[in-house]
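Take a look at these structures.
In the two complexes below, chain A is the common chain; its partner is chain B in one and chain C in the other.
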Partner chain A sequence: MPVLLVAPAVLVVVALRIVPLVMGANYSLTGDGADNGAFVGLANYRTLLDDPVFRTALRNVGLLLVALPVAVSVPGILATFLFLRVPGHRLYRSVYFFPVVLSPVIIGAIFNVVLSFDGPANQLLVRLGMQPVDWLGDGSIAMLTVIAVHIWATFGMALVIFMAGFATVDQSLLDAARVDGANLPQTVWHVIIPELSQTIQFVFVTTMIGMLTGMFGLLYIMTAGGPGGATYLPELYIWVQQGQMNRPALASAASMVLFVFMLVVGFAQLRIIKRATKEV
Partner chain B sequence: MSAAHPSGKARRPLSPRLVALASFPLLMTVAACGAASDNGDAGSAAEGGENGKLVVWDWKSGDAAAQAYFETARADFAEKHPGVELEFVAQPFDNYYQLLGTAIESGSGPDVVLFNGGAQMRERISALAPLDDMLGDTKERLTGWEAFQAEGTTYAVPITLQGLPFYYNKAVYEQAGLDPEAPPATYEELEAVCTAIAETGQDCFSLGNKEGIGIEFHLSTYGAGVFSAEQYDAWLAGDRDWTSPEVKQLFQLWVDQHEAGWYNDGVNSTAKFMDEYTKFQGGDSAHVIGLISDVAHWKSFDEFLGEDLGVFKPPVVTDQGSSFLPAEGGIGYAVTEWTADPELAYDAVESLSSTAALTDFYVEAGAIASDTTIDTSGAGIATVGDIVSWLPESKPLLHSALSAETLELMHRLSQQLIDGGVTVDDALQQLAATDQ
Partner chain C sequence: MLSRGPGRWAIAIPMALLALATLYPLLFTLNVSQKTRREYVLDRLGLTDRLSLDNFVAAWQTSGLNTYVLNSTIVTVGAVVALLVLGSMAGFAFSQLRFRGSRVLLLLILSALLIPFQVIMVPFFRILGGIGLLDTHLGLILAYTSQFLPFTIFLMTSYYSRIPGEIVEAARVDGSSTLGIYLRLMLPLGRPALLSVGILNALFCWNDVLIALLTMQSQDNRTLMVGVTALRGQYSDNIPLFASGVVIAALPVLLLYLFFQKQITDGVTAGATKG
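And then the complex of A and B:
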């Protein structure tokens, strides 16, 4: 009975994924507080649209997507240097990977100290004759600061993937380029990048997943959504509405919006991965 | 991955993704019943009592200074119910209400729960058992009930009082050429003090508004000095006019004080607990608006500043304003509605609010207990005598009357007011819209 053989997997998926999803969708159409359990149609979704904090959270997701090329190019460039065996490349290889093993809570706590107004980063700026910056307290730059810290904390993993990709670069092509008199930028542009195209696509996908799902811890520790709601992401919004504001139905609606967004991104990713692995 | 059809001709099967997407709205509509929160109409969990264990949630039992209090309460309860174990689960305060929210949604969890007075408890009364019928003499012995009542019903028993006095560092006053024994009584005097202190290069106040809580302290302290007695009482009773000149003045003071440089740099990235208070304890500033129980209070400041620590009531700002210590019930224990035996759970609350236990809480942890029969004259710290003497004329905190939603918005707006993202008028309009 082949049906029986797939039953355990199907049961796990249904019980742990599909049922909670349907329940969440169901809750998102009910009310909170006095309306608990009552069908309210799309009222929660309208509340979300009217809530400037949720709109900021969605805008910040857009900001993450804009920051994606930076998050991919940083490990890409550093991996290229390591591949070209810059002096001390063995040491750098370990150092670059080190932040990956730290938990976001620890990284957040460290950067809270480093980036505090009277912290070391600003002391350095002042010594260099510049004005101190309120890295986490200025609404216009706080999100960029947290994204930068996230990139610092996670680029090591992408670097390792790039290093693995470099191992597959055809040495004879590099030799041919050298014989033809190609300089370093030409070698990178005409040989290394085309050879690494599949790796780059894969890193794009994994980095995007990391950014969309893995920033809660950092945000929670570093800014908790502030200042003025400038650093909210949908996950943090859901967490706050569910726990602090005691509005689980609204949190469910926000979860459904995030789910649909992730569904779209997920399908795009699947497409890219399929193309990257030439699996048609 | 798509397999070729056995006939050799690739046939495109109906995509499972398409099926899922198509059926999704249907599922949502069909399933549109039930509730996001547990209605709590069925006594869902039967943990308490039946298996000889009562679970108490708090954020205090891991605190070394509070151990004597918990031991005394535990012993008192063990005497009354030898067969029932009292299990204290210390949750991290940062996540406390999130964790509690999860327990409430599932309709199970602790039997007795520690709460802050005001909004946090009032938002969750559907999960709590009314206690009025069980209180008896306790009602007379303790004070601070208002913060734990909603619509005339009592849902928790206060164990401490919480208030917001101004603490100051007498050494900084002396450096600035001010009389350390004559703290300001009016806002004009406070302005003069801050001007004198600015000349010494120190901050007049330490402030951390990373979580936005700074505005709560601002509102509840300066509010007494701005509002008339009638306006103050009306605010507490729910009759709040956010567009009145007094409310506008209160929020304008928040902006003006920042522009006048009263506070440390980086207010929006400084944590109130505890970076703000660490700065004050370290002598970096002249004043801080602190608490009277739990943390950031007379006992913790005394360890660092000793005899340099002074305290005064919020200053009078307008002609109609007055000066008193805003104070009310601080933290208190509630009984959850799903507990198997509410009377047994209430007995645990009674042990936790007994005079003997609260005396330990006061002596060891420096909490101003809600028990009026405790003698506070032997503390040996001058400031506590002042604070206790102000309690009889105190009134509840203005921000405690606001809903969690309004407070959350006020936190965000307070940060935007500092960095210029919103004007006072805009902020008040938004607050008026949520505070219906």
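And then the complex of A and C:
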């Protein structure tokens, strides 16, 4: 009987998640077009490395890594203030989290208007006496713009995770720090950060996974990879090769590269899951 | 510490400004949706004093949004029901019942958390085509169910594992079958978690664009978020109408957030503090 309760779930997950992963690994070693189905070894991976668009996508993953500390520390600092009961903290938490529940498509559509060259953001800059910026049309800053919008849209997620972590901090440690006359930076450094180390680790992992796999909607609607292929990430590259270029085998190779990134990031997550399932 | 004095206010002011920065793009869009096209071209930033539903009505009637809303509703409801049924059954079995291979099967399911849809997009497309479900509501429901089931099982398993085993034992002594325990005990006891995980899954399905773009290719089958990606082209010379469409598309989620904020934040943090 217990097996019957889990069987449908196992069937769905194996048939539609695990099996496709194996199939994809297999496709990535076959050819496209005339070579459809034929074994080509690592040729697709060589094609990827020679493709300037995919190289840009990899470079942009590097950019995500650079942005990661910002995407983690901003909500961390804000959560600290909320935890210390800044006036209006409940309202702030609700407001900061709201963009998280909006689809990236909605967010992207809004920022398409806000950041268009003749849009309100530039009008504001001009009124302040500055030069307008081509936020999404300038290849050297478009990716930074999309990353910034992504962080704007998702920092509330990390914030509520931090706050849930704060709820588990031992109050007596905070009281002891106060009695000992510790100031705020000392309290944060010696009490809060050590107590929250697992939460911080979790936020790093989920934020990085969010950046690797949660930006498709923004990229699709805001830049579609442009200008000049400057705003590609692996996920968009996979989509374009599969859908528009009709090169599913090459797309599969790019999928495997993305999967390796996920494995590296997810190693930490797996440890967290294992700890959770041990309690079962 | 911060608990007293002017220091609190010195921090509250930047926090308030940030809250404003968070809301500004949304309020801006709402403001634009109220303007006429002429008003917007003349003054993009200024507050309008118009308050009318004209643009919303026009956007609703000319953009096909009604069809898209219907499609999104069908696939979201279908997928959430499937996720809650499969997720609660599996969560109950994994947390409360002893059977051979339970740990391995649970780890197998949870390991799928590391497989984002982008990674399996190509084979998934072929599998769905192979069973004749491309461009159907059922196909998209199946896609969402498989995509969000591991997360659902993770949350339901950890929720049910906090229910003392004695309760299940007592029900068994009273003569309940396993199915009876699931239906009459676990489903009612699981209501808070089912509500939370159900709302989260509804958001995931409603907000998705990648899977819907891949599997729903005919215009009649577009979901709302795919429809929004097309709005910009439709209304490239009429930004207020575009903004109206965006506001309409965001409205259901706004309402859901206003009513269920606690369930949503509880759900996303449930996995985080277990470690």
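Throughout what follows, the second predicted complex is superposed on the first by the 252 of 280 C-alpha atoms of A that agree within 3 Å, B and C clash if a C-alpha of one lies under 4 Å from a C-alpha of the other, contacts with A are read in each partner's own complex, and residues count from 1 in each chain.
Assume a contact is a pair of C-beta atoms (placed from the backbone, for glycine too) under 8 Å apart; a residue touches a chain by one contact, two chains touch by 3 or more.
Model, not experiment: these values are computed from the prediction.
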Inset, instruction - Determine, for the superposed model, which of the two partners chain B and chain C contacts more residues of chain A. - result: C
Inset, instruction - Could you tell me if A:L91 is touching chain B, chain C, both of them or neither one (first, second, both, neither)? - result: second
Inset, instruction - Could you look at A:S252 and tell me whether it touches chain B, chain C, both or neither (first, second, both, neither)? - result: both
Legend entry - Contacts of A:V105 with chain B and chain C, given as first, second, both or neither: second
Legend entry - Which superposed partner A:A176 touches (first chain B, second chain C, both, neither): neither
Inset, instruction - Report for A:F117: first if it touches chain B alone, second if chain C alone, otherwise both or neither. - result: first
Inset, instruction - Have a look at where A:W135 lands relative to chain B and chain C in the superposition and call it first, second, both or neither. - result: first
Inset, instruction - Name the contact category of A:Q244: first (chain B only), second (chain C only), both, or neither. - result: first
Inset, instruction - Kindly classify A:I161 by the partners it touches after superposition: chain B alone (first), chain C alone (second), both, or neither? - result: second
Inset, instruction - Go through the superposed model and pick first if A:G229 touches only chain B, second if only chain C, both, or neither. - result: first
Inset, instruction - Starting from the residues of chain A touching chain B, keep only those that also touch chain C in the other complex, and list them. - result: 23, 27, 118, 239, 242-243, 248, 251-252, 279-280
Legend entry - Residue ranges of chain C in contact with chain A within the complex: 1-3, 8-9, 11-12, 15-16, 18-19, 21-23, 25-26, 28-29, 32, 44-45, 86-87, 89-90, 92-95, 97-99, 102-103, 105-127, 142-143, 145-147, 149-150, 153-154, 157-158, 161, 177-179, 182, 203, 206-210, 213-214, 225, 228-229, 231-232, 239, 242-243, 246, 249-250, 253, 256-257, 261, 264-265, 268-269, 271-275
Legend entry - chain A to chain B touching residues, read off their complex: 22-23, 25-27, 29-30, 32, 36-37, 39, 53, 115-118, 132, 134-139, 142, 223-224, 226-229, 239-240, 242-246, 248-249, 251-252, 267, 279-280
Legend entry - chain A to chain C touching residues, read off their complex: 1-3, 5-6, 8-10, 12-21, 23-24, 27, 78, 81, 84-88, 91-92, 94-106, 109-114, 118-120, 123-124, 152, 156-157, 160-161, 163-165, 167-168, 178, 183-184, 187, 198-199, 202-203, 206, 209, 212-213, 216-217, 220-221, 234-235, 238-239, 242-243, 248, 251-252, 255-256, 258-259, 262-263, 266, 269-270, 272-277, 279-280
Inset, instruction - Would you mind writing out the residues of chain B in touch with chain A in their complex? - result: 1-2, 17, 24, 27-28, 31-37, 39, 95, 97-102, 104-105, 123-124, 126, 209-212, 264-270, 275, 404-405, 408, 411-413, 415-416, 418-419, 421-422
